Amino acid sequence: MSVDISAMMLAIFLPLFGAIAAFLLPRAAALIGLVALALTTGAVIWLAREVWQSGAVILPLGGWGAPLGIDLRADGLSVAMLALTSAVGLLVSVSALDALKGAGQSRQRQYFWPLWLLLLTGINGVYLSTDIFNLYVMIEVIALAAVGLTVLSGTRAAVQAGLEYMYASILGALLFLMGVGFVYLQLGRLDFAGLMDAEPTGALIAAVALMFVGLALKTALFPLHFWLPAAHANATAPASALLSGLVVKAALYIVLRLAQYMPFPSEALLTLVGMMGAGAVIWGGIQALRAERLKLLVAWSTVAQIGLIFVAFARAGELGLTESWKAAALLILAHGVAKAAMFLAAGRIKDEIGHDVIRDLDRSPIRPTLAQFTFALAAISLIGLPPSLGFIGKWALMEGAMASGYWHWVVVTMVGTLMSVAYFSRVFAGFLRFDRVRAPVGEHQGWALADAAPLTLAFAAIGLGLMAAPILSFLEIGYPFGVAP
Amino acid sequence: MTLVPFLSAVGLPLVLAAALIWPQTRALVWRMMPFAPLPALALALLAEVPLNAQAGWLILGLTLGLDEVSRLFVIFTGLLWCAAGTTARHWMRHDPRATSFGVMFAMAQAGNLGLLLAQDALSFYAFFALMSFASYGLVLHSRDPQAQGAARLYIGFVVLGELALFAGLALAAAQAGSFLLADLRGAVPSDMAVALLILGFGVKLGVMPLHFWLPPAHGAAPVPASAVLSGAMIKAGLFGMMAVLPLGSLAYGDHGTMLMAAGMVTIFAALLLGVQQGNPKAVLGFSSVSQMGIVALGLGAGLLVPEAWALIMPVMVFLAAHHGLAKGALFLGTGAFAAQGGAPGRVAVTFALLVPAFVLAGLPASSGALGKEALKTALAAGSAVWLPWLVVVLTLSGVATTLLMARYVALIWRSPPKAPEQTTPEAILLPFLALGAASVSLPLTWPLLARSLAIPVSEAAPGALWPVLLGVVVGVGVAVHAHAQRIGPAVFLSHLTAPFRAVGARAEAVMAARRRSVRRLAYAIPKTLGETAERWRLGQTAIALLIAVILAVELGATLRADTAIPAVQQIDPDLLDDLKLIPEF
Amino acid sequence: MTPDLIYGLTGIAVFGIGLVGALCVQERLRRVLALKLCSVGAGFVLVVGAWREPPEMPDPVPHALVITGIVVMVSATAVALALIRRLQTLEATDER
Amino acid sequence: MTDPLVIFDLLLALSIVALAVASLSVRDLFAMIVLFIVFGLLSALAWVRLSAPDVALAEAAIGTGVTGALLLKTLHHLRFVAGGQGLRAGSGGTSMAPAAPVPVPVPVGVILANAAFCGLITLGLAVAFLGAPSAGPGFDALVADAMPDSGVAHPVTGVLLNFRAYDTLMEVVVLLAAVVAVWQIERGLSDAPAPVMGEVWQGFARLALPAIVVIGTYLLWVGAEAPGGAFQGGAVLAAVGLLLLLTRAYVPRPAHRGIARGAFVLGTAAFALVALLVASGGRVAFEYPLEHAKTLILLIEGMVTLSIAVTLAALFHGREPVALPKGGRDDT
Amino acid sequence: MMDAPLLPLFILLTSLLASPVLFALPERAARLRTAINLGMAALKVMLVAWLSLKVAQGVIYDLRFEVLPGLEFKLQADPLAILFIALSAVLWLITTVYSVGYLEHGPHRARFFGFFSLCVAATVGIAMSGNLFTFLLFYELLTLATYPLVIHCGNAEALRAGRTYLIYTLAGGLVLLLGTLGLWVLAGTTDFVPGGVLTDAAAQNPLAAQLLFVVLIGALGVKAALFPLHAWLPIAMVAPAPVSALLHAVAVVKAGAFGIMRVVYEVFGIETAQALGMTAPLAALAGVTIIYGSLKAITQDDIKKRLAYSTVSQVSYITLGVALASPIAAVGALAHLIHQGLMKITMFMAAGNLAEGLGVKKVSQMDGVGRAMPGTMLAFSLAALGMIGLPPLAGFVSKWYLAQGGLEAGQGWVIALLLGSSLLNAVYFLPMLHRAWFRDGAADAGAPARPRIGWMLAAPPVTTAVLVLVAGGFANAPFSPLEWTRFIVDIEYLE
């Protein structure tokens, strides 16, 4: 019996089997995890090839097809997100090998891998799904695994943050579920295609409101970001990297997809979204400026960056989302790569120095040069300096905003950029100041394998900017948002 | 190939200056110092005029050349530099700052000779500036407070002059459309340009009211430097005007009048100021100022009445040579006087000094008298209105000069200038005597050198004795009373900068205070906001608010009208097929 | 007045009550409970949507979805409660 | 003349709402949980009224039963840790609050605002609900068409295990994730002793256990044709586990961890493997060959039921059984 | 001769690739590092020479790579680029020698030289950018590469300065991004084309074009230290001497000035810019900066601060020359780009030597330093006199052309401005020279022990001073900067 398995199934099932295996065999968890990730990456590459050659791919599970059954669909956007996930995931996993090697971390080692692989299952599932109830289940998978990862370190702060995260997650998912209920009430079906032609009625509007707020809560859009900084700042480094780099993107992606298929919200709502984004950019920036700890700063920067993505999203203007989604997608990719690199680097710095109090970074005689360098590179992308991918995303954002005459979004972007310069330069100052150290400074301390992964990610964040053209053309495969070339 | 002599004329001093930097070559350079102007002298004496050479690759295209006028200038200038160089070599032998002096001396020399040879505005300006700025080091050489004051004053004026000159040259060149001095002379420069040029050269010339720098500088510089400063360098001002201004072709009435007026005032005002000086060399400086007043008179007349210039011009050259040699001799004589150990030597030198002094004052048949007489004759061709005044002034200038000379002679005895401790008095005496001799013999040698240009001089009347006598009498009388006067170069810089500093400090203080308060505020507000939001759990409220708002906005929107925009404007048919792929069952 | 109307409004009311609880309550346990109320409310809406006037059979799909939702919710509740217990232990140890 | 059923519906609805409010507002936590359980049962009843017996069963067993048990266990833990004196489980009625650090009070204004907004939302949702088509479009026809090919007779089971099996698989994954997370979160040795039931309970347990097992298995089996199925069956079987744990008839030991893990993943693994392996010969994943559909579904259901039962019991127990330090209490 | 279309890329890579290698070298591998540094610098000079030869022969280099649809990464080597590349290549070599000497025993050398190389790569990239987008790319790279250099000392003061620098320049970069986007939206291209690309757009929408001009110049003005955006420059002088030298002479301020040239000449086109009425205000702004910088310089006692303010003043000559919209002034501006670089680098290196050798950091301590360090001070003096504008030094040539250009453009006030500026230059430089040469300082009061500074410190300023002399003295010789600028101006003004 020859088994005929599609790459899409593999992208979801390989991590699932990996998780099962890693849970069953805790001692070999790391090895299993790495293998599973490598295989998943392979599956994603296979899928990407398929999509590249023949456009969007659809898999009707069980042969029923939507709306009764569930379809999996892969187009350029979803494959790009899958690729981001598996690439970042693979590198984070590599660095997790090192980050979790401590003697007191056997428990973390044991549980990190199954949880992470389950998380990956959920994330991949989200990117391939075309059914809103299925999305609900997927975000629950993500939520539980993510909470597990958040509290991996077991400290009181982490557990407290994890609990807040859990509440927010559940509430977000329930809002989403309620929205699903309203969609069903109105349309009697739950697949994307069914949503597409729908007239905006009261029930659908209620659904949009509930689902959007639920997702905004999950993706921590200001002012619903309250749970994020503590959760991301208190998790262990690889977990933070995954949470910040990948997990919030899943909810963002759903927002993008819904915007694609749901009745388009009115201009007023779009402006509201943009204003929330702007608020995130500014408030996140301010808080990052005030943050006392490195990881907290990075977490606040996530809040700001997510706001920026929503600004990109909101600047749609009269053209609809046909153009603006690209900027958002580019920014999502950029942020995913760069933020993962940054959290890993921050974790390395914390490990090497022993703390991550920004004010006292310059008192340490140990300077993990490579990690600091990585941090700086990631910051370049997050600030949006050329030629990084973040820059290209920002370029697309501002270009679109200018073209449609929305100068206020341009101003917001610029303010956000300046603030990010300001708060990251606080950190650089800590790296590069030497006159507060009594002992001789060991510059080159901290070469480790663990630096390789974040460094790779950081370089990717910068270098991908030069690849923006192919990335964009790949994103357009399957014409998400319906633009014929 | 004509370039080589020109370049060597300018280059030798420069090479010497450069070579002085290396200790190994210093002794040799000092030995060479007297001979530095020799290439220039040789060029001037031997070459056929007019002679031109191009060096297009140098600066902005260098044109060097020699004509009748500049040749004469080169000759007496070179002579002066020779003499001064000889003196300097001995004067500076044990000076701790000899090297710096030497460098400056040689560079000034290069500049001086170079500007005489320059035929285009740029190189002229370049050499002019080189000379001026290098001289700063000469003035400042002794480093005592007096010298510093003098030097500060000097450099201030030099900068002023250079700026005016640059501006004038730039304007003139733009108006002429060429950099060549000959073209500049032939063009029609604007009033502004001429004024700037007169200003620029006037500073060098020391015409009142631009003379302030000159006496202190001459007083402060070491003897050999003073000699060239006064003898050679200030003539550059004259030369410059002759070379650049369209004298003889265009009339600039206002400028001419101004210049003449300034000249007249200068001649006598310098007397009044000069006799109050306590430093013999400063007195000599004022004498130079006074003499340059005469020159200014001539130039002014030339500007006023172009037709007269042809007559005035040779006299100007003669006067320049006369004054250069005589004043050079006097300065070197001062040095020689100071170098004498005992009274007999001093008396002897004093007598020797009287010779150039009287030449300067205009003893009949001396070059001074001949010059003045020739000038009177030449001026006769000029403005009739001014003529009587000019004659009187020129005649009386003899009195003034005599008085100054008297004051000078008195002063070298009262407060002799300082000389280096170990010198060879003979060696210093020699150049002085040589220059004195040259000065005395000028009326004889001039026709040989200047050929056709010497005609006005050789035809001039020998002049009268009485002004000189009068001067001597008055001078003796006046010499009884002496005034010490300090110059107050004061605090040029600090006065200039004080207000800026004060304003800047104030502004910075205000800015700093404001910045601090803003920073405090910027820190406090988000902190309070953030904490309140956390305490009140506003994030939770936001969830509810947001849903409510969206519901209100959207439901309101649908109630009003169907304003919603479709998600996908142009839907690709393929896409629809993709999405609606429903298996048949 | 059909059951779907009555229970639909009931479900929405329960959801609203749960939402108030989720947003206002600070006791940890009660917050979990409030969230559970929300989920029941959502379940009501789906079940009501599936309801058809008897004797017609109801739509089975939403039923399946609600069952899934219930299981998912119990999982989430279990995790949240585990977190609460753990946090309590940590706080108690810290205080001692 | 009002239909008595409508009156019943109205009363039921009112009491459901009232119970919801009461459970949130009652001061004592134990009372809160009890009220919640009643609320859950009434909701299940309402769902029966809406001809959704499967859902009602699931809600009663899982949504109310298991959740209630979890809440009670947690409450006990909180009280024990707070009091530090080993309060008996179920000794409710004391107004002692859990030992959570006293939260900073939120201004009443903010609370009121929250409530007001929620009220608005409820209102808006109600309006939307009323505006939606009653008994609108659904999957009815599609399901009816597809039922013959599903391999089962009961539509809900068909949906769960065939049409939308992917959702169900992921739901099992959620359970798996939950148990992994719970094991990860609750670590080490708890200070709270497990609630020890009295003799009466042990006797009850001895009687009840076989009955529950039978009921559970029946529910599983009947699921293919009538209301019931894996989740309900699993929940009922989980009750067995709960009782075993409560009566200490079974005490988890570290050595059992491997088996437990295996049991947790069994359902997921089997389900996923089947789903993948059927994809051959032109079939896609989850497309069971018609002739084996019922067998496969039953196989999956069985495995999943077992997993669910063990998982739910483990979620109740909460901690990974770990080796005791020497001299420690038997504490699992 | 072999034809290498990738030549510009190679030139870029000589320093770009050197950078990671230098980062990776362990701190103690000093010899190897020096070898790589010097080798690459020398190689670059050679390649640049080759490139200039080819460009002079009319070979066109144009490398493209699409980043976003329609948006290209583009390197080109036109004469204007060559001018700037040549400057940076030569001065890089010299400054590298100097830095090696300067940092002989300092910490963090690997980092320093890594960023140093990166900085040069960015400068070269800026020079060769074929469109504003590429320019922006390298412009930001330059900011980032210089930041660690500015704060190299790692003390509180340096970090404060670094922060100011970063905020200023990144804000400038951001505004430049805005401008680039604006250009992209307005003109549909960001290419540099002699004669400009905005002629049509400006005719249709003059207001937008004017706004764009203001935005672009404002952005570039930050790096070019145009008043009132200059504040970072004097603060940034806390950097080590070679960095200051490079910052002031080649890299940062010149990048700004060069950008202004590109924008005025090749984005707007001089005629369009004039037609928009934007050149006169720019010239006025440049004038204000010139005077303001000089006035501030007078009041500084710190040598490097004084030099820094002098830079503020001097760099605006370039802007002025561009804004005058006259070919002759353009020659002056371009020549000043080179000449100011030579002079200022000399002065900064000399100032570094004073600080290293004698510990002299303030003007008031300069008494008698000329005797103590004659070579260094001679170089300094030459450069200072050049700054004042004395012939035949380099500064004179550019000022001369600027003045002539001002007249040609009918802007007589330029003469007054130049004179005033020269006067002020004299006011703040001559006292330094005076102190150095004509005052007996503490330095030789005791035993006149000559400070020991290695040849690597002593030679570079002298070399550049000689270049100052040569650039002025042989201004008319073929391949002199002045000649090359005439070549460029022909291109820019003939289009």
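Order as written gives the chain letters A, B, C, D and E; numbering starts at 1 within each chain.
To be clear about the criterion, a residue touches a chain if its C-beta (ideal position, glycine included) is under 8 Å from a C-beta of that chain, and two chains touch if they have at least 3 such contacts.
Here the structure is a predicted model, which means the values were calculated and not measured.
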Which chains sit in contact with both members of the pair chain B and chain E? A
Nearest chain to the global Cα centroid? E
The chain whose C-alpha centroid lies farthest from that of chain D is chain B
Across all chain pairs, which one has the most C-beta contacts? C-D
Relative to chain C, which chain's C-alpha centre is the most remote? B
Calculate how many whole Å lie between the centre of chain C and the centre of chain D, each centre taken as the average of the chain's C-alpha atoms. 11
Length of the line joining the C-alpha centres of chain A and chain D, rounded to whole Å: 31
Roughly how far is chain A from chain B, centre to centre by C-alpha average, rounded to an integer in Å? 73
Whole-Å gap separating chain B and chain D, where each centre is the average of the chain's CA atoms: 102
If a residue has to touch 2 or more other chains to count, which residues of chain A qualify? 60, 63-64, 67-68, 133, 137, 140, 144, 147-148, 151, 154, 159, 162, 171, 178, 182, 184-185, 188, 201-202, 205-206, 209-210
Chain C, residues touching no fewer than two other chains: 15, 19, 22-24, 26, 28, 39, 45, 48-49, 59, 61-62, 65, 68, 72-73, 75-76, 79, 83-84, 86, 91
Interchain contacts, given as pairs of chains that touch: A-B, A-C, A-D, A-E, B-C, B-D, B-E, C-D
Taking the touch rule as given, give the residues of chain D at its contact with chain B in the complex, in rising order. 104, 106-107, 110, 113-114, 117-118, 120-121, 124-125, 127-128, 145-146, 149
Please output the residues of chain C touching chain D within their complex, sorted ascending. 1-10, 12-21, 23-30, 32-34, 36-37, 39-40, 43-45, 47-54, 56-68, 70-79, 81-86, 88-89, 91-92
Taking the complex as given, what residues does chain E use to touch chain A? 23, 26-27, 65-69, 73, 107-108, 110-111, 136-137, 140-141, 143-144, 147-148, 151, 154-156, 159, 162-163, 166-167, 170-171, 173-175, 177-178, 181-182, 184-185
Give the list of chain C residues in touch with chain A in this complex. 15, 22, 28, 31, 35, 38-39, 41-42, 45-46, 48-49, 59, 61-62, 65, 68-69, 72-73, 75-76, 79-80, 83-84, 86-87, 90-91, 94
Would you tell me which residues of chain D are touching chain C in their complex? 2-3, 5-6, 9-10, 13, 16-17, 20-21, 23-24, 29, 32-33, 36, 39-40, 43, 46-47, 49-52, 54-55, 58-59, 62-63, 66-67, 70-71, 73-75, 77-78, 81-82, 84, 97-101, 103, 106, 111, 114-115, 118-119, 121-122, 125-126, 129-130, 134-136, 138-140, 143, 155-156, 158-160, 163-164, 167-168, 171, 174-175, 177-179, 181-182, 185-187, 190-191, 229, 231, 308, 312, 315-316, 318
